[in-house]
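Below: a set of structures, written as structure tokens.
Okay, so chain A shows up in both of these, paired with chain B first and chain C after.
Moving on, here comes the complex of A and B:
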């Protein structure tokens, strides 16, 4: 039990890192209505850029900004494939993700690059969970605040409208293609930033660290949305809920590991959680419909 | 002024399903003119409207609005000059956004979207005033999500969004067809009021012959992608549904039985 309690600060920090990523996923999945698979690649791109820059002597904050920008570029690429070439959104994301694997490998120079907190100046590390949690909480609040402001602007409203109803948006003079690209860029920028945080926290970047990231992000989004739905529909609240969803997810994860669950099954567990959360609304609607029909008869 | 010159649109070209939707259609609508368009299914009404709105570009011919050639202009660019209301009440509004957010989007139609606030405080007064004119009580529900409104309310809101920054041309695509008769009439009355007050150049497609006769300065009947009837002025005022049906039979040279049901 003591072991479990000891692992909780780590789970909280880890959860907050993935919470940043989940906020990125929320932007595409909930606002634009796109399941963007670029994420699996762009999180690693962010980590790779950040790791190599810090190793090269750049300050961590500059490395994180560059990681964000690299993620933005990945998002723009997916957007261009989707909008200019008419490739379906999911496939566009997969193509970018695939290309990013090679790019990430070239940035890193090898499949696994260490970034030990003892040798480099990083803003957070698992060696100091309290500091990490404070840094992550402040950063998450900042991101949520900025996004809240941004989506209240004319441009932000136009992006929301594009996700809501593209036909109406075009009729209101909104260039829906450009809005989708901006949304994808912003989303992947945030995802890459979370990668930059993750590599500092865990002390290394691995070429496969992004595998399944989008599923974890979706899990956090669905858990977060389910939790905040009852409280209200404020946008900042929703984003906070998503970040919180990632924390819940990681805590449950820790408990499962602690309970002696075969860790080989963890990814399958993630997939099942997401499938259940995404499927429940549909199935329960169907069941309600069927019940209604029986009553009629 | 809207001008269609020899507009041709063919669907499924080169296949057995090839369909000539617009057959060298030419039409001029003067400023401030309110034109209602009728015709059976597949007559080309929606295709004609889409050529104007840009949601489906014509194969050949020209579309000019106030002398500007807009034939191949992307939909969002020509939206500056166009107000649109669709048949489906879900189509014209963003369901997940608030009433005031929808109106603010419409107020910025054709303007650059910047990092300025999406809604200004001063605009809320305008929204409240305009919503009050609809007479649906929406002026007290500015922050309600549009998805919570009824079809009629959404259609009235779409109409307001189409006209809140005055368009050079208002396009109505059977915008009352999906509503119950009472609501349809209410929305039609609102339409008439807005068109007259702002002297809007209007193109209204309808399945309802009575509406086509009752509203508008001019009535056009389409058949097989061509204009087969074009009546305006005193002649239009004296028109009856029976006469319209007779003219249709005469002009189209076909039995009208199939279309009679929908054109009632």
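Moving on, here comes the complex of A and C:
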């Protein structure tokens, strides 16, 4: 049991890294209403850019800013495919994701590049979980704060309106296409930033590191939304809930690995967690509804 | 709703706690955490060899916590985190991404790698001299690449073009293919690289390669190993001979291989682990170890193509 407690800082740090990623997913999935699959590629793009820049001698903060910008470029590409060429949103994301696989390979120069904290100066590492947690908590708070302010501006409100009701938004003179592209860019920029954090934390970038990222992101969004639903509907609270959702996800994951579960089932477990958190609110509403009908009769 | 979720989570935590407490009771002697990157024949053999050798050396004194990351780097990070927090006596990192995750997670627990080709590039150690000099050592699955290039020349002295087929997502393959290319050029054979990105485009790339070259070479590539049937069918129709970097791939599609035995590699790693656990050796001074390679040929496929094995080759079963 003490061992399990010892492992929690690691799970917390890993959860917070993915929490940043989940905030990015939240922007497209909940605000724009798009299931954006670009993220499987853009998380690796962020990691690749960050790793190569740090190895090249850039300071970590500059590398992270560039990773963010690379992510926004990926988001813009998906947006253009969707808005200009009329390709369905899911497919646009998949296409960008595929293209990114090749681009990431070219950025890295090979399939796997080490970035050990022992040889390079990075802002966080699994070797020092306490420091990583502090860095991640501050950074997450900063991102949530900035997004809160941004979505309060006219531009931010227009993006939210686009997601809520595109027809009405267009009637109000909002260019919904541009708003979608801005939303996708912002989302993928944040996802790429989380990739930049992840490569520093785990000490390497692998061409396959984004595989399944969208599932972890969605899991965090769904868990986070379910947990904060009853507390309130404040936007900053929702974002905090999403970041916290990733922490819950990784804590449960860590517990399952600790319990000596057959690790062949891990992917199935991920799918079950997402299905449960998506399905339970719906089913419980149905049950309530049925109970209500019985009373009437 | 919220309460229900929290209570579910608490219940999960409690059950897991009880389970881990139960397993704590049994803990005595040495505990070794094994993290294998993916389910795969060669990696499985290495893990098995490691366990066998360690059990022979230490008997009941050693227990294993065996995890498989299902090919996902993020999962390996979580599994390594659990090993480190449980303060295991030693970690076996089976394949490069796991070694990298472990290297960045602990600088105290001894880490042994296996099925890793090149430690210097995997851990970004400059001027690597064969010993990591910290809490990392292990075994390399590198079969001598100059000898593999020489094999192509030995079997096909007339060959002008050799195709090198590999997965661009695998750092190990990339390294081997580049090295073999250099050696082939020295032997007067023109190397042509054919990379595929995953199992979906392997058939198209292999077909193209077969139409353009005299002989194909495949390094110790995990994706190729998993799709060896696909490659086998294509080269059989095209009658293109394949020289493979390991026995598993040779079995499925090749005529000959200079192969290292992953079980023997695992065993050697296990012997290193026993020395470290008993305190007989200091991991910071242990160089990376290798196992010797053997020349094998496929009787069936050589007969199909009308080839006779040169001297020094044993039949591959």
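Here, the second predicted complex is superposed on the first by the 279 of 297 C-alpha atoms of A that agree within 3 Å, B and C clash if a C-alpha of one lies under 4 Å from a C-alpha of the other, contacts with A are read in each partner's own complex, and residues count from 1 in each chain.
The definition used in the following text is that a residue touches a chain if its C-beta (ideal position, glycine included) is under 8 Å from a C-beta of that chain, and two chains touch if they have at least 3 such contacts.
Quantities reported herein were computed from a predicted structural model and do not represent experimental measurements.
Annotation for chain A, partner touching more residues between chain B and chain C: C.
By the touch criterion stated above, A:157 is placed in contact with chain B alone, chain C being left untouched.
Look at A:112: by the touch rule set out above, it reaches chain C but stays clear of chain B. Within the superposed three-chain model, A:256 lies in touch with chain C and out of touch with chain B [touch as defined at top]. By the touch criterion defined above, A:185 lies against neither chain B nor chain C after alignment on the C-alpha atoms of chain A.
Using the contact criterion defined above for the overlaid structures, shared-chain residue A:174 touches chain B, although it does not reach chain C.
Interface of chain A with chain B (complex): residues 150, 152-158, 160-161, 164-165, 167-176, 233.
The touching residues of chain A, when paired with chain C in their complex, are 1, 3-4, 6-8, 10-11, 14, 55, 101-102, 105, 110-120, 125-127, 198, 201-204, 206-209, 211-213, 216, 226-227, 229-231, 248, 250, 252-260, 263-264, 266-267, 280-281, 284. By the touch criterion given at the top, residues 53, 55, 74-77, 79-80, 82, 84, 86, 91-97, 101, 104-106, 108-111, 113-119, 145, 161 of chain B touch chain A in their complex. On the chain C side of its complex with chain A, the touching residues are 1-2, 4-5, 9, 12-13, 15-17, 19-21, 23-24, 39, 65, 67-75, 77-82, 84-87, 96-97, 100-101, 103-107, 121-126, 134, 167-171, 173-175, 197.
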